[in-house]
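Shared between the two complexes below is chain A, which has chain B as its partner in the first and chain C in the second.
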Partner chain A sequence: MREKIFNGIGIGLLALCFVVALTRIVLMNKGRTDDGRKQITLRLAHWQLENGPREAFEEMAKAYMKLNPHIRIEQIAIPERIYPNWLITQLVGETAPDLIEIGIGMTDELLARYFVPITPLVNQPNPHNRGTPLEKTPLRETFFDGMEGGYNQNLFEYYTAPISGVTIRMYYNLELLEAITGSRTLPRTYEELVSLCEKTRAYAEENQAPIVPIAGSRYNGPMLMNLLFSSQTQKLSERIVPPGLLEADPITAAGAYLRDQWDVETPEVRSGLELMRDVGQYMQPGFIQLMRDDATLLFVQKRAVMICSGSWDATSIRLQSGFDLGVGRIPFPSRDNPKYGKYTEGGLSEAGTNAGLGFGLTRNGPHQKEALDFLLFLASQRANQIWTDVSGWIPSVIGTRAGKEVEPFLPQAEGYLRGLQITIGGGFADTTRVFNTNFHLLVSPLGGVDAFTNAIRGQYPETLVSDLHRYVRTQRTLVQRGDTQLGALSWMASRQGENRILQQRFDTFLQADSFNQQQFYRARLLVEQEKSPQP
Partner chain B sequence: MIDFSLSNGRKRFCRSIVALCVIGVISPALAAREKPTPGLDDAWRDAAGFLIDEANRIFAETKASSEDQEIERTLGEALTLLNIQPRTASNLERAEGMLKKMAAKEGRAGVFARYFLARIYEMYSEPPRTDEARAMYQELLRSGGDDPMAERAASALVLMEIYENVSPGERARRFEALETMAGTLKSPSGLRAYHLNMGNGYLYFPKMEGSARKAFDHLMAADRIGITRWQVESMTWIAIGQLAERLGEKELAITYYQRFLDRYQRDNRHYSISKALEALREQ
Partner chain C sequence: MSTPISSRKALHEWKLYLFIVPAIILVGVFCYFPAASAIYHSFFRWSGGTTKEFIGLQNFRDALGDRIFWYSFWVIAILVVSNVIKLVPSILMAVLIHRLKSDRWQYLYRVGVVLPMIVPGLVTLFIWKFFFDPTQGALNGFLDATGLKAMLVWLDGMMGWDVFHEGIPIAWLGEPDLIIPSLIIWGFPWIGAVGVLIYLAGLQSIGTEVYEAAELDGASSWQKFRFVEFPLIMTQVRLSLVMLIIATLQGFGLQFLLLGQDGGPGGRGMVPGLWMFNRAFLAGEFGYACALGIFLFVFILGLTWINNRYVRVEK
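So, the complex of A and B:
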């Protein structure tokens, strides 16, 4: 009897919950505003869990909802680690939000199948820029990068209107800096950086204070060290790249290595490794075992004078630090540096920085018209002002005022191209793995440049060739995939001779296709030459 | 005797059920009628937009109403079979079979089929059937007229020839043989692709005698036709500037550097080229 009562109560509660949930859903969908319009909920998904973006999205949503009382915006913040899996599940399961941040885990296939291109809109003014100086400017020209960050070069379509940009900077604890040097002037060159590091060490010893010059981790350390490395290989790159290229792409770098134009003992590469080791010595011992949060914690706890990170961390660091924060460009060795000046051209240019952080409009979203309008609102000057003011991130829309705290992060055009990377880049995973596995030898107090080069010298050629094999396969797939598009565009273009846009698209595609084929053939030649060298 | 008569309430219930069934049957039919059956134009659009599986389904299911439409349908199906997922040997065989049937057709369809047959031999077959691809491309150049797809065979041949693993002497001979091809090409896109591949080829093998001059000539020829992809255009302009500088054509180098600086202001190479220009002007 007692059991029956409990079962009855259980079933009753279950039924009650069901009815309440059902009512809520029905009310949510049937809800109407005062002017009789149906209430709509738009969902916006992203992975920006840092301090700043979520609050900014909230404010932008509020501003939009004020203009459109019948629309409610919900943001869904997904951790970066699970974002790719979440994305694919939502898209395949047709439960995806209306707008999804494009980037992590996204492929051309997913974009083409599940997202709506916004290409037809890019040459029209953004209606949400009405009343601003951009009122009559085509959408594409309202972004500092000409909306390049929203363009997919393989699909020849714009899929997003990016709202921000990123740069890498050194963050300084100004109070510690003043205590150590008597001034709040930030180092501008590598020499000044080293001087600050030495002074910090002396200060720490003198005051028995647990302070290190630079907070490092496996995330922040290599970020700074790789940039410094590439300052030493700039002249080497100039020697090995053919005219027109200026910067060594993976095929050029790998080809030059296989043709004995450089190796891990080349003076420029060795100098880069020494520079990495030198700067690594100013980070806390064992930093390579630590995570990003550990380094940030060390810095905000006033136990490091500097930390290197991207502009995306600015608001998080600022909110947690509780001291005056200074931000400056990476201090590179100057040309007159007695040790590191010989091989460098100078600091790196950021002129080509693209805007990023853009949302794609999902194909199966129930409220596409409204979602597109919100997407355009996010890309408007007014919303971009809210974005930069609240998030502290770089704005992407021309005419948006960067606040005092954002200004140091704006891309700087002056500077040279980066030199070749020892890890080659461009998906050379095995080479990168060998580098990463032995990286501790380069930075540990007991290791050194010799220990590191001795460890990787034997493995490096083999991994480079294995990466080249993979590159050939990838490039071949890219070319094959392009064939169907090429054929379709060609057929359509031949039938619609007067369609200028289509003709242009076909023409541009032909040039992209030729380039991809050329890269395929060059990589294949390198692999074959390695197997059977010609006299 | 059983009474089959229904009470009023039951009648209403039965009528409702019947009405619901009718709606259930009619509404999908109406919905289907509202959505027109996708045609070949939709399939080409899907294929161009990377929706290859969808395009293949339309091509395969379309019932052609004329011979021309059947040719178009077959070509579309073959083209999409090359890339539907998963990529299988049997799909490739089917595509090859279909294209072979179409290869003898007159005009555009034949050119299209022969070009993609050559592509199968060159890029899809394992191991590549290089000789068959080469022969097909050469045949296309002879018989395809000024069709841009036929003239694409020239740029494909350039890549196949110069990036083959041969001795430097043999490569130089091949470059020389390919030089004669320019006179046979007529379409701007075919010529441009040929000149770009030749020019970049000479740049990639700089030890060949006279390669800088030849690279310069080919890239200039491509630029005169007009390059519409910004990545290619910017790279070509810098290359022409650097080659001109190397060949002692200072004014031309200045022109091309300046052209790059004017058009590509938001480019990581901007500062380096502005410094190069400064140095050149000071000379």
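So, the complex of A and C:
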């Protein structure tokens, strides 16, 4: 009897949960507003799980929903690690949300196929800036980077209106800093950074405290090290970059490697690797096996004096740390540094920082008009003010006031161009994999620069070529697709000779296609030269 | 066993077969269609979108020369062997629970074994990741506190491993030579709830008269296990073995979470599933990943056939 009662209670609870869930879903879908309009739900997907963004999106959504009571905004936050898989599944399955954050996992093909470009709107004022000084300003000019962060240079279209800037900083535990050095002055040069690290070690030993100078992980460590590395390859980059370009793009860097203009033994590269190793020794042993959260935990638990991370982690770190937080630029070696000054011009400039965190409008979304309007709202000064106030992230719209806590993260123009990256960058997946799988040789206590360079020297040419092959195939697809559109535009333009907008579009597209073809032929030439090397 | 019905009768009652059509459709759509799609796309250069280029057997030729892919089978072979050995604690646990005289204690132990199942596997993985932390992890803390670290350092000196050093925390997931041992250690004490329940069910189906006969013959506890219990649960063991081999061969979640998408330092933890993931989502070579999947499928099929043919159950 008792058993029957318990079984009945169990089944009853299950049935109740089911009914409640079903009722919620049904009521959500059949909502109507007070004026009888059918409620529209817009879905917004992103990967920003840090403290700050979700709350900011919620507030921005609330502000928009007040203006549009018949619209409901629903946030979908996807973990970064699985975002690429989720993205492709959603797009190919045609179940994608109305607005999706563009970035991780996005390729030009996916953009062109599944997203609607917003290029026609960039030269018009944003209607949501009415009543502000930007009321008559074209959308493109309302962003601090001229909306370059939303522009795809392979497709020659704007796909997003980015709402935030990002920079990389060093975070300091000011209380620990004061205990170790007697002052809260942040290190401004590499020499001061090294001095602080050495003092931290001495302090830890003297007090038997498990404190490390820099909290590292496979996420934070390379972030700092790659920046330091590129400060050593500035002069090398100046030598290999063709006239007219300021920085080496991946094809230029790869081509220069394959033409023996640089390799892992080039003095600048070696100096960069030694700098990476030196800094790595100030991180906790075995940091390369740790994840981002492990390093953050170490820092907020007061077991590290510093951590390098982006402005996107500022709110999370601030909320979790129970101590005074200092924020400073990365201290680069100066030209006077006896060991690392020879190949450097100086610290890196952030003048080229583009705004990021933009949402793309999916083609298959059921409410495109409303979604586009919300996208423009997100790009407005009013929404951007909410964004920066709530999230603590850098604003992207001109005229938005950055709070006191955001000021240290604002991009600083002073400095020099960055040099080459050892991983080449730009989606060279196999080359990056070789670097990642041998990185332990560079930074482990018993490793060294020689062990690392010996390991990657033989593999790099092969992986560069395989990455170039992949790049050639992608570019060929882009060019082929572009040729079709170019043909159509040309035909239309020839029949509507007086349509200047169409002619302008054709000219722009021709430029885009020429650029893509140029990239295609450059990469293909490199690949062919590797197959049949010239004597 | 039911007697087979004649085809005439089956055709006469054809309407009854409509009841299984929904199940067949669902299995077809969600199980067979993805597999067929993978086979189809393995003949294309496909980056996941709508554009694809037919390249015939090129993906398979590339896979045959892919060093990393074939290395990953070595890793998986070691993991399969170690996972087979890791079946033993579950079997022993089931036997110990079965031999308890008190029904109440049997029940309590069963609940105790099953309760950890409510913890999501992901949480367990993250806890183990923390165990492996070089500076804060419980494993290194235990080794230091018990003096076992010093013993490992001494052993390292004798054997020339060059992984355990005085004064340097052991980087279980950061040292290439320690990655496979870490993947083997993971999950200690290797008592899986599902396995224990399956074996327990098998043991409980053994009649008491068999035990009585063994006791009359003067069999010891070990002899009872070896000659009575183990042979009579071989069906369950074989089932576990097949499931284990398939899961180990296909799985990559453990390696992905512990080591990242590149298989850790030196790529030592790379397994076929993780390499497929890497090729698909990092390199954008979905067609190639499908071809790798076909190789894996054939391999699993071959192993299953061997298992069915040679791991016999004496009835």
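As a working rule, the second predicted complex is superposed on the first by the 428 of 535 C-alpha atoms of A that agree within 3 Å, B and C clash if a C-alpha of one lies under 4 Å from a C-alpha of the other, contacts with A are read in each partner's own complex, and residues count from 1 in each chain.
Throughout what follows, a contact is a pair of C-beta atoms (placed from the backbone, for glycine too) under 8 Å apart; a residue touches a chain by one contact, two chains touch by 3 or more.
Just so you know, these numbers come straight off a predicted model, no measurement behind them.
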For this session: Give one of first, second, both or neither to describe whether A:109 is in contact with chain B, with chain C, with both, or with none.
Result: both
Exercise. Now for A:284: first (chain B), second (chain C), both, or neither, which partner does it touch?
Worked result: second
Exercise. Touching A:446 in the superposition: chain B (first), chain C (second), both, neither?
Worked result: second
For this session: Could you say whether A:515 touches chain B, chain C, both of them, or neither, answering first, second, both or neither?
Result: first
Problem set entry | Dominant toucher of chain A (residue count), chain B or chain C | B
Exercise. Of the partners chain B and chain C, which touch A:195 in the superposed model: first, second, both, neither?
Worked result: neither
Exercise. Between chain B (first) and chain C (second), which, if any, makes contact with A:7: first, second, both or neither?
Worked result: neither
For this session: Determine, under the contact definition given at the top, whether A:507 touches first (chain B), second (chain C), both, or neither.
Result: first
Exercise. For A:470, is the partner it touches chain B (first), chain C (second), both, or none of the two (neither)?
Worked result: second
Problem set entry | chain B versus chain C as contact partner of A:88, first or second or both or neither | second
For this session: For chain A, give the residues common to its interface with chain B and its interface with chain C.
Result: 109, 113, 481
Problem set entry | Interfacial residue positions of chain A with respect to chain C in the complex | 84-85, 88, 92, 105, 107, 109-110, 113, 210, 212, 218, 284-291, 294, 298, 429-430, 433, 436-440, 444-446, 470, 473-474, 477, 481
Exercise. Which residues of chain C touch chain A in the complex?
Worked result: 45, 47-51, 129, 132-136, 162, 165, 168-176, 259-260, 262-267, 278, 281-285
For this session: Write out the stretch or stretches of chain A touching chain B in their complex.
Result: 108-109, 112-113, 117, 144-146, 154-155, 157, 242-247, 345, 348-352, 413-417, 476, 479-481, 483-485, 487-492, 494, 504, 507-508, 510-512, 514-515, 517-518, 521-522, 524-525, 528-529, 532, 534-535
Problem set entry | Residue ranges of chain B in contact with chain A within the complex | 44-45, 47-52, 55, 72, 75-76, 79-80, 82-83, 87, 108, 112, 116, 119, 123-124, 148-149, 152, 155-156, 159-160, 163-168, 189, 192-193, 196-197, 200, 203-204, 206, 215, 227-229, 231-232, 235-236, 238-240, 242-243, 246, 265-272
